[in-house]
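To start, the structure itself, in structure tokens.
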Amino acid sequence: MIKFSRVFKVYEKNIQALTDINFEVAKGEFVFLTGPSGAGKTTILKLLYREETPDMGSIIVDDTDISRLSSGKVPFYRRGIGFVFQDFKLIFERSIYENLALPLEITGAPSKFIRHTVMESLEKIGLAGRENHNPWHISGGEKQKVAIARALIMSPPVLLADEPTGNLDEASAGEIMKMFKDANAKGTTVLMASHNKEIISNSGFRAVRLRGGRVEE
Amino acid sequence: MRLFREVVLNFKRSGFMSFVSIGTIILAVTMLGGFYIMQTVVNFAADQMQNRVEAVVFIKDGASAEEIKLLGDEITALSGVKEARYISKDDAYQDFAKDPEMQKILSSFEGNPLPDSISVKFNDYKAQEINSAVAAIKTKMAVEDVEYGAAEIEHLLNVINAVKYIAGAAGIIFVIAALLVVSNIIKLTIYNRRQDIYVLKMVGATGADIRLPFIFEGIAHGFLGGFLGWLILYAVVSFLAFQVKKETGIDLAAFYAFNPALLSPKFIFGMTGAGIVLGLTGSLMSQGRIFK
Amino acid sequence: MRLFREVVLNFKRSGFMSFVSIGTIILAVTMLGGFYIMQTVVNFAADQMQNRVEAVVFIKDGASAEEIKLLGDEITALSGVKEARYISKDDAYQDFAKDPEMQKILSSFEGNPLPDSISVKFNDYKAQEINSAVAAIKTKMAVEDVEYGAAEIEHLLNVINAVKYIAGAAGIIFVIAALLVVSNIIKLTIYNRRQDIYVLKMVGATGADIRLPFIFEGIAHGFLGGFLGWLILYAVVSFLAFQVKKETGIDLAAFYAFNPALLSPKFIFGMTGAGIVLGLTGSLMSQGRIFK
Amino acid sequence: MIKFSRVFKVYEKNIQALTDINFEVAKGEFVFLTGPSGAGKTTILKLLYREETPDMGSIIVDDTDISRLSSGKVPFYRRGIGFVFQDFKLIFERSIYENLALPLEITGAPSKFIRHTVMESLEKIGLAGRENHNPWHISGGEKQKVAIARALIMSPPVLLADEPTGNLDEASAGEIMKMFKDANAKGTTVLMASHNKEIISNSGFRAVRLRGGRVEE
């Protein structure tokens, strides 16, 4: 499903973020990305999301080398991916409802279906009744839950999540992990960056360890 | 559907920005419209004066009808000449005799002391052209003398011509200026929504998904701004005409450049259209930044 | 120190914004300056025509010198009258005799057929005022008749007067428009930096700490915009004058409204000052949002 | 030093964030604020920072009721407080150096002193050499470290931190905790919101537990 081969990434100002990255994630697998701050976790996810392109190497997703994807195809590739940003990236000019509806609206889903899906999702994260509030006006943990709900709303075949439990207390983190595991059980391939050792070891899933831009061991 | 909702949402959400953008278009369109009217008035004034610029060609006593006819044709053929009208000495006498003072003077002569003449009018007021035409006429056989009596309004015409010139240039500069302001404001709007746009791109929106709402927004702002601009201009000009009438007794509505033009569908559509073009061009000009 | 650095940093950082803001001030100031020059030219033209508006008061034969003197004083005292100049019949004769045609006609009389007269000029061209003045003069004892010969340029004067009026109103509207645009752009700038401002407030910046850089930025933009605006106007007008000269042979520099005025320190300071006032007012007008 | 008495806070749209909050923090103490997402931790810190004012009750800091502080005095009150925002709030239009220098510049410190202090602080968080970079271009954990460095740069008598270790791996979190403890040892009163049970229990400091806007037990 996902395969990194000899991937290098250098940011401007000569910051070598990734050096010779090789790893594979099988279809339907749940894999953690872990490693200290600045190791390159977010960079790997950004490459998968086609926000950045590698300087060398190939990144195969579903038999296509996404680093060679034409820019016209990128939006459609992205519609198959759910992404939880490390800093949430909610749109403060739109209500919580609108934030969640966005990915569905773009694909042209009927508004009844959108309404149903969004309300169900709000129910799940315990924010039912606050759909018309501004995401600016909710707590850090609540923002994170909305960001996760937005990534899952399309039931995407691939889910990328960048520290999705960083701002959550243990109970909320547990709920969220359950949502991810449920999605995974339904066939979604999950790649999640996380520092949280407890969550990683409890889950029993495989972890790719990064340090200084290289895969460890 | 989504497109329409996005535009409406943007209106509601970024009310402040929309206000700025529509306001600028209103200003630009009002200025352009007012400018057009001013231009029309100046042109009207210049035309009126131009009609007064004439040279009178006095014809030698005893010139035959054919000679006079030929002279008239020759004059008409000169570049810059609009019309050459033959005035017989009798016509001239009758014309002068309308003024009682002149009548008194003329009646003291035996017979008619006035010569036959040709009155020459010019197309455009261009000093050089007129002077060379006058010089050319002077050399003709049947010509006694040429009186180019417009010298006294020449100076004024110079001024009005210069005003026309400058007004034309100012008009062009103004269109460019308005375009720059509008496109800069839309750029700022887009810049302000860069996070929004980033997220849209990340959840799979295509270029069109992102651009179209801005383009429609530009058109909508343009339409509103253009129409409101016309309304404002209409109100301002009407108020002004009222004030002018009160203070100087001049009825501006009497000049065709005024109220009738303001109310003509051509003018209303023109201003609304100018607004739409401004809004559309502004939003197209600002699109470059979206994908940066 | 910090203030200065903040302003410089803002210039560097938000180059795009600064460009928009300075650009708008340039446009506004250029328009205002160009407008001032157009206004001067129109005024000049109107004054020239106005000087031509005169009424000639023919005095009854045999009126005594005192009567004439008294009449002159009475006319001068009328509202709207600028000057009343006595022209004796001899002066009138000499004046007419300059024209050879007229000379011929006049010499056919015995003696001088022309009456004594008073030439009346008016302050402002206001039809009502002039008409009532003329009517008042007609009732005077020593007056034979009043010839108000300006009828033919009356129409033109109406037009020019209307243009002056409208130009004045457009000028006021333009200042307001420029102010709105500039303040809106500075508002947008501030809106764009709202996160920056929020953080500044949170780390203990006082109101002045936050406001002053924006105010100084406004002044700096205004100064730059004003001065560049003058440069541009100077270039545009010079180019225009060159073109006008080439095409119509009219030397605009001959009107005092042109190049000399453009180069006068008063004008340069005026435009730069207008820019600064715009920038400053714009930034003050936009301050309200900072603490929201 | 800090004393909340009968504090109530209702946000617009009738969201009751805090109900009858009473607690005290002594001068020089290190206290954790803990509780599930949406419990009101951030709200308490915002009240202390005078970003929000309570609807009822008094908040005494250093013998003054800060909810009654005149708005002219607020900036000067804030200069005595270091704050680590849950979402960092770095200024992306300024370099990392400028972000750190900001609180010092506002107090009018001499630029030599500013330079020295900022460079020392960058050294401590391991970002020396990246002072001219834009904070947009660093990883999530690095952003958090910069935010913490900015809060500590004035050596403020009071330090408020909202989840300062959420985005950090264990090693980095340890370093950061050490910085806070050092500051505390030098006399700074610290109030820190955190979910991280391990850090709280390892530190040995007291924790105020919140749930649904009330202090627990």
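Labels A, B, C and D are assigned to the chains in the order they are written; within every chain, residues are numbered from 1.
Methods note: a contact is a pair of C-beta atoms (placed from the backbone, for glycine too) under 8 Å apart; a residue touches a chain by one contact, two chains touch by 3 or more.
Since we're looking at a predicted model, the values are computed, not measured.
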Task: With one step meaning two chains touch, work out the least steps from chain B to chain D.
output: 2
Field: Touching chain sets, computed without chain B
entry: one piece
Contact pairs, highest-scoring chain pair: B-C
Statement: Whole-Å distance, C-alpha centre of chain C to that of chain D, is 61
- request: For chain A and chain C, let me know how many angstrom lie between their CA-based centres, rounded off.
  value: 66
Message: For chain B versus chain C, what separation do you get between their C-alpha means, in angstrom?
response: 20
Task: Could you list which residues of chain B touch at least two other chains?
output: none
Task: Send over the residues of chain A in touch with two or more other chains.
output: none
Message: Can you tell me which positions in chain D touch chain A when the two form their complex?
response: 11-13, 15, 34-38, 41-42, 86-87, 133, 137-142, 144-145, 162-163, 166-172, 195, 197
Touch list for chain D against partner chain C, complex: 49, 51, 72, 75-79, 83, 89-94, 98, 102-103, 105-108, 150
Task: Spell out the residues on chain B that touch chain A in their complex, using ranges where they run on.
output: 2, 9, 13-14, 193, 195-196, 198-207, 209
